[in-house]
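Each in structure tokens, the structures are laid out below.
Same chain, two partners: chain A is paired with chain B first, then with chain C.
Let's look at the complex of A and B:
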């Protein structure tokens, strides 16, 4: 699904003190499955995910998605891709604090009307939230519930790829395990990329990409 | 309600929205300030209507043996379209009044030789007053002007009341209309030095042009139309007011912007998430613009209501009993409001839209 070629990302590229976040490497990712990108802090794993997901443009190299070059595509094309084909789960869930759990899911929906609302409710139910919690704001939900709402938001458009950046970082072990179970389930016929520094949550992954100092050190 | 709509944001962030609405509400203050300034027009309105209908001709000292003045007057007398009333050179200044802005303003005055002359002119002008008790030495003013100067029927009006008056008059009648002009009855002699000219067929510029043509190059001075004089005198004041509005608006814009900035900086990650979810820059700009415009609209709607209520209370409890008035609406107030509102809103809409559309979730 993704073909990454000679990708590099340099911060402060205009100055003499260049900082390589990604050092130039190739990588292929499958169409389906749970892929874990693991590495210590500063290894470039999040930068790699941002580049693949079109949130950042690499300094050099290219990212092909289903054979099409996405690094050189227009803002509009990348927005469309993120809206329709990609889903995102962030480390701190990043729910909108003044929106209810249900509206936090609906905000990402490409569809409209009752049907979409029912779909969002079903997702939330499936992820373990009760109807009583649909109308609650993030501040009234636990960390685990918030992350499940964030996962529902990522899944509402039935994306082909879900990018999850440290999705379990702010969760206890039980909730972390549950989140990974949901993502694993989704990865049966979709691609789920999980960026983490916690090896323990990657016990069930189909592919592990290990990163070190801006380079892929091992793919297993 | 759609979660991305401006209504949704305001409904769910009442406290934050109220603070911005409260600050935007001050742009309505500029509307009231403009009304205060243009209240001057209200005082002059009825007087200008009277002035449109009566023209004062003056004898000039350079007119040898009053030949030109007398010749022009004779031609006017012979003209069936015109009426003429003579008076001597002795004049009495009008009673000044306290304006809504707080300072004193001098007024126009008319002097007639007899009660009959005054009654004739009042009938022509359509002014309403009980003139049964007027006589030589009477002064007649509008009810509002009398209240303004705290005068009652029967009061003596002399140099202690109006410094410029060289003799005493008694207030013998009050005009119903809000006319800030003074009418005296004073038999000052028979020599002709001034003349009131009026016509049933013409008024204003038309009457002035007609008389100017009649006077031609002769040495007779015709007073300018009060409306034109006021335009020349008051316009600079309006320009100063508009300049003040711009200055105050800039101060207000900086203040409001700093508050709004703080609120939007806290929301940067929210917009970063929207961008990550694939919302276009245009959609983000539309969202911030919609939110700000809706808050502005609410501020204006509430502000107009509060401005009307404030004006009503000020008029009923303070200004009208004092013979003063604050208009509910004025063109200058509207201009000042637009200047203030646009100065605050336009930079805010542009800067917030641009800033939030560039929000990047990867930078948190």
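Let's look at the complex of A and C:
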């Protein structure tokens, strides 16, 4: 699904103090499955995920999605991809503070109406939120609940790829296990990329990409 | 693809913040409209005097020269008599002219009429009691209180003027101007707010030929042409044309200027305050916009949502402003305007257009912070910062 070629990301590239977030490497990702990108803080794993998902443009190299070059595509094309084919779970949950849990899921939906709303509720239920919590704002939810709302938001359009940056960071062990179970199930016929520094949640992954200092150190 | 960015969600979930802006917009609308209404009370109240009354009566004062009388031709006296004869001859010609009901030579008296801003005066004839019914009939005026003048110095006064000057039947008519010379003996009601009375000696208020006309003959220059009367600069003609011009210059133009200045000042203050409020709005929501961009919404869709939110707030503000303006005008009408014998109108579409245009200008000014914010939207990058 993704072909990453010679990708590099350099911050402050115009100055003498260049900082290589990604050092230039190739990587190939399958069409389906749960892929874990693991590495210590600052290893470039989140940057890699953002570059693959079109949120950031790499300084050099290319990302091919289903054979099409996405790094050189237009803003509109990248927006369409993110909207229709990708789902995101960010490191911080980034929920809209004034919206309810349900509205936070629906805000990403490409469809409207009762059917979409039911679908959003089902996702929230599946992720362990009770109906009483659907109408609560993020400030009234725990960190774990917020993260589960963010995961439901990522899944609402049934995207072909989910990019999850530390999806279990604010969850207890049981909830973290449940979330990974859901992501694993989703990855049966989709691709799920999970960026984490917690090796314990990657026990069930199909592919592990280990990163170190801006480079892929191991793919297993 | 349908956009899932709802404009109403922010407003529904941030009622207090949005309420402040909506109320500011509503109060501004209300204030601007009500100020215009109060200014126009003057215009509306003066309309019967300036625009309606002169359609039915013209006051004419002509010099002896216009009458064709030269003082040098009467070295041994008789100048006054010749002038009077010539004036009578003119009045006879006027009476025979189409559209003129009657013409008589009489003293006039002035009535004062004060509006919210400024006051005006108008003349009315002092005639013999037997002439009064004809005058009342000409103006479709009816006696609603008191009695018809019988003796000297008795006045019939329109009910609106009565209220305006706080007169009652039996009061002295503008005692501060005429002393205890004229007494109000009756109240009349007429669309043109006329008064009429009987003379009481010589009052130095002027002698005029009072010409009762129909509306089609209220332009005296045409009548003068018709009867071959050549007017000069010293002649005084108080007809419908002259009054229309005076109304435009002395009332409408002045009110328009005042209105424009008030509108400009209010809008400048509104624009500044709304601009400050919106900069704060935008700043608080940058992360939200970046999230939308990250999950695939275009800047155009985000801009559209911001504009729709603004549209709703401005729309509700205008609606509430209009409603509160109606309530305020009703209260002012009942407590201040009508009891003071003043007239008002509530519907000024041109002024509504001016206010809406001013609001559109404010929306235009708000494009600066909005476009700057939208231009600066990134995806996750800015959120991380």
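We take it that the second predicted complex is superposed on the first by the 220 of 220 C-alpha atoms of A that agree within 3 Å, B and C clash if a C-alpha of one lies under 4 Å from a C-alpha of the other, contacts with A are read in each partner's own complex, and residues count from 1 in each chain.
Everything that follows uses one rule, which is that a residue touches a chain if its C-beta (ideal position, glycine included) is under 8 Å from a C-beta of that chain, and two chains touch if they have at least 3 such contacts.
Keep in mind that what you see is a predicted model, and the values were worked out from it rather than measured.
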{"item": "Simultaneous placement of chain C and chain B on chain A, clash or fit", "value": "clash"}
{"item": "Partner chain in contact with A:132 - chain B first, chain C second, else both or neither", "value": "neither"}
{"item": "First, second, both or neither for A:114, with chain B first and chain C second", "value": "neither"}
{"item": "Stretch in clash, chain B with chain C, out of 61-69, 97-105, 187-195 or 277-285", "value": "277-285"}
{"item": "Set intersection of chain A contacts, chain C complex versus chain B complex", "value": "50, 55-56, 75-76, 79-84, 86, 88, 90, 92, 94, 96-99, 103, 106-108, 153"}
{"item": "In the complex, chain C residues that touch chain A", "value": "1-2, 4-6, 9-10, 13-14, 287-288, 291-298, 379-381, 383"}
{"item": "Footprint of chain C on chain A - complex, ascending", "value": "50, 55-56, 75-76, 79-84, 86, 88, 90, 92, 94, 96-99, 103, 106-112, 137, 153"}
{"item": "Of all residues in chain A, those that touch chain B in their complex", "value": "46, 50, 55-56, 75-76, 79-84, 86, 88, 90, 92, 94, 96-99, 103-104, 106-108, 153"}
{"item": "In the complex, chain B residues that touch chain A", "value": "3-4, 8-9, 12-13, 269-270, 272-274, 276-281, 360-362, 364"}
